[in-house]
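Below: one structure in structure tokens.
Order of writing sets the chain letters: A, B and C. Residues in each chain are counted from 1.
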Amino acid sequence: MTFAVLQRSGSPGKTHHSDLTMEKIRSAWLFLLPMIITLAAVAGWPLIRTIWLGFTNANLTDLTVTEFIGFENYLSFYEGEAYGLLVDPDWWNAVWNTVWFTLVSVSLETVFGMGVALILHANFKGRGIVRTAVLIPWAIPTIVSAQMWGWMLHDQFGVVNEILLTLGIINNPIAWTADPDIAMWAVIMVDVWKTTPFMALLILAGLQMLPEDIYEAAHVDGIHPVKVFFNVTLPLIKPALLVAVIFRALDALRIFDLIYVLTSSSTSTMSMSVYARQQLVDFQEMGYGSAATTLLFLIIAALTVITITAGKLKLGEEA
Amino acid sequence: MVLRKTLLCTAMAALGFSAFVSAAEITITCGNVGKEQQICKESVAEWEKKTGHSVNIVTPPTSATEQLALYQQILGSGSSDIDAFQIDVIWPGILGNHLIDLKPFTNGAEKEHFQAIVENNTFKGKLVAMPWFTDAGLLFYRKDLLDKYGYEVPETWEELSEIANKVQDAERSAGNKKMWGFVFQAKAYEGLTCDALEWIDSYGGGDVVNANGDITVNNDNTVKALEMAASWVGNITPQGVLNYMEEDARGVFQSGNAVFMRNWPYAWSLSQNDDSPIRGKVGVVALPKGGEGGKQTGTLGGWQMAVSKYSENPEVTADLVMWLTSKEEQKRRAIVGSYNPTIADLYDDPDVNKASPFMGQLKATFTNAVARPSRATGANYNKVSTAIFNATYEVLSGEQTAEASVAQLEKDLKRIKRRSW
Amino acid sequence: MNKTIKSVLFYALVLAVILISVFPFYYAVVTSFRSGTALFSTSLWPFPVDLKNYFVIFQEQPFGTNIINSIIVATSVVVFSLAIAVTASYALARIHFRGRGLLLMTVLSVSMFPQVAILSGMFELIRSLGVYNSLPGLIIPNTVLTLPFTVWVLTTFMKELPKELEEAAIVDGASPLTIVVRVFMPLMWPALVTTGLLAFISAWNEFLFALTFTLSNEVRTVPVAIALMSGGSEHELPWGNIMAASVVVTTPIVALVLIFQRKIVAGLTAGAVKG
């Protein structure tokens, strides 16, 4: 890009070139400074502290006796038995629950979000109302919508069972949130309901950026719309889509409120965040809980890197 | 104003603690918005008038778990933002290190309270909280339905199962398809620990971890109790009970769709509301015994007042706490708010009994109540409780047999205990 | 004929989407008219309309103040995070320098810790900054929470814009800041409105920090205020009040979307045409 500018200005001197580049890089760092300072000052300290606490035996009941214990929170042996995060079946169960939940819910949200975005992108009467209506689920605070769904999915006086019974779809009320197998699906359903708008809005923004002329050309050539979608639209909005997916996945991997409010939070439906919160807050194990969140962070980081690599999202070079 | 306060403080410090009234400003939590906080405000206002200090009341989150989380955060950082806390009966062991010893301020007042609660509130030899009001699990039943089918109030869980089954079937064939026999709380949370403890204790299975800290859970009576409870789910109890808390159970019962319910005393006055379909049809008794040889019991609940170690005015705050938990105040609260006093004498008080006729019956329940093992297990209580409710949940949801689950629970508790609690 | 069927199917789909999105909200409205035992009824019929719950929430606590607090916090968060993110994303999207990818990943990693993990560190930080129990104490952590997302989204959109735009400006000797403000900002409106809206909603709905970093009802935000609502006794849940409050809380967001939804589309189309 810089090169193109120089060519046009007609003075491709080598010193000038590097001067301009240096100048640009300097202003780049200047531009980045507010963000770096804010993040380092506000997020840096709590994050580093958490990682550090993971190597201590800190307990909230008495923080004065905190000692460095190395990797004992992760793995240790006492009287021939292994203790620690890495051998805790509950933790691995939580990891599995979370990953499974993320895979299913984010896939569904992407598909539905794409569908809704395509609808909103189309030109039809009453589009404004639809666009507003679709955003409502995202606008209701999670703590409220989780409780609201808990109420609607109640086995005895929940409206969902009532409707399904009236329509004759089911014969007996379903204990949506009580049965561990169904409960996870209930959580996925509510999550999809709640966050599809987020996906749809970001995808819509991507769709709106696309130049009209491609579609006109495709239309003139008589190419089937489905083909156009897969061959033209999808590749073009991929960067926007991928960013939306990454942020949804990051949120989903940290899922807490929905599971906490909606399910019984027994070990069978626990997510990584619920597990970490239980250790940190309910059990007051600052050390062990911090170790769990550090491991959670590592797992999420690994999955993110895999997603970015697989999606060939270019971070460093020009897109 | 600030200057005057500083001067006063200095003067007070110079004179030593004397009769000087310094206008201290303290912050406390007591109940949430609504009636509970209103009653507290009235008590506090009176104390403010008497002493000249001023009190801020802050509203904590509704859920006990979130309250505990917030208090831990505040106390753990040594913050003096809140001087006195209203704490749950299971928290003294968890928060004890951050609370002051109230013994020097009581003048022996604690002797009047239920001794079980006073003991519960004693942490490492310090009285860290004053009992304020108490609670225990009770059995609610439909008087009208038992009369209709000619049954007495059940004395044992076995009788309860049988009656519930019969009445449920009869009512269902009479057209009420939604009728269930018995509802309780079985979500994997603290409430399930309370319910489980009642079943186990009623069968003579002990209290999971005894006062000396020994793990006693792995015995035949515990297994029997859990097997009994598991037999209800899907038969006389909806499967959804596995996600019920207090209000879910009350919802089913109050809509007229259950014969029996296990709940806390709060459900009584709500069931007698004007719009309640079961108004005047509800009876309350102590929970059934586990078999003929069992005993009637109920899990002890209730709330205490405690003073933060980091308070800038511990003496003044302790004085407020002593006022709030005094006999006079507890009597007033029993009359205007039906809060169950922690002072045994008040259950024989004619004014109290006139205001809530139901209270006299409760004295025996509170005296026999079984405490959760929070004292023996101290700061580890939440882990112990989680192990208990998860083990119980597995049995109720049919994922494990009672025997296997109890054995696993014993193992889990040993792991939590390691060297000592 | 074929066309009619297609458009019928299309509108049926639209109707289904609306129904699924709005039904729970509708049910919340219906529930908010009920109290006492009626709450346990499953009727979908909203009548009789009883607004008692709506009065109660404003009487029992400073709910009006809570709403204003939420507006202040969410608006400030949007302004700060967009201001910081626009400049940062220009640098990240349009300028070559070493460590760009690494920096983007570092920014992203802030979103990889669950909130509860940084809670106690954040608590100490907020207290040491002296902003505990005040609105700035909520604005600061919320800005950090939304920043990674805004930076990433804006960076992606900036990358998409054609190169020629800024080349002309550089030839004219414009400074980078001028380029951002004069050239990119006008084209970025759709992306700015979208990310701003999403950031606003997440700050509006944030619960855990808002609960932990405030003490008095006067500085609390709406989600916390709702969570603090309680019934007459310990275990009682004031369902009607909670639903009334939720309806009140959701309304401003709906209004906001209505106001800005034209902007989202208008801006984007304009951008595409110019590009």
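Keep in mind that, in the parts below, a contact is a pair of C-beta atoms (placed from the backbone, for glycine too) under 8 Å apart; a residue touches a chain by one contact, two chains touch by 3 or more.
Not measured: the values here are computed from a predicted model.
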- At the largest C-alpha centroid distance from subunit C we find chain B
- Report which of A-C and B-C is connected by more C-beta pairs in contact. A-C
- Query: Just how far, in Å, is the C-alpha centre of subunit C from the one of subunit B?
  - Reply: 38
- Task: Could you tell me the distance, in whole angstrom, between the mean C-alpha positions of subunit A and subunit C?
- Result: 15
- Query: What residues in subunit B touch two or more of the other chains?
  - Reply: 76, 251, 255
- Within subunit C, the set of residues that touch 2 or more other chains is 40, 119-120, 227
- Item | subunit A, residues touching no fewer than two other chains | 157, 281
- Can you list the residues on subunit A that touch subunit C in the complex? 1-2, 4-5, 8-9, 21, 24-25, 27-29, 31-32, 34-35, 38-39, 42-43, 45-47, 49-50, 116, 119, 122, 124, 128-145, 147-149, 151-152, 157-159, 162, 193, 197-198, 201-202, 204-205, 208-212, 239-240, 243, 246-247, 250-251, 254, 256-257, 272-273, 276-277, 280-281, 286, 289-290, 293, 296-297, 300-301, 304-305, 315-316, 318-319
- Task: Could you pull out which subunit B residues touch subunit A in their complex?
- Result: 65, 68-69, 72, 76, 94-97, 178, 187-189, 238-244, 248, 251-252, 255, 257, 379-380, 382-383, 386, 389-390, 393-394, 397, 399, 415, 418
- Query: What does subunit A use to touch subunit B in their complex?
  - Reply: 59-63, 78, 81, 83, 154-157, 173, 175, 177-180, 183, 263-268, 278, 281-284
- Task: Would you mind writing out the residues of subunit C in touch with subunit A in their complex?
- Result: 10-11, 13-14, 17-18, 20-22, 24-25, 27-28, 31, 40-42, 44, 83-85, 87-88, 90-92, 94-97, 100-101, 103-122, 125, 140-141, 143-144, 147, 149, 151-153, 156-157, 159-160, 163, 167, 170-171, 175-177, 180, 190-191, 194, 197-198, 201, 204-205, 207, 222-223, 226-227, 239, 242-243, 245-246, 249-250, 253-254, 257-258, 261-262, 264-265, 268-269, 271-272, 275
- Interface residues, subunit C side, partner subunit B - complex: 36-40, 60-61, 119-120, 123-124, 127, 132-133, 211-212, 215-217, 224, 227-238
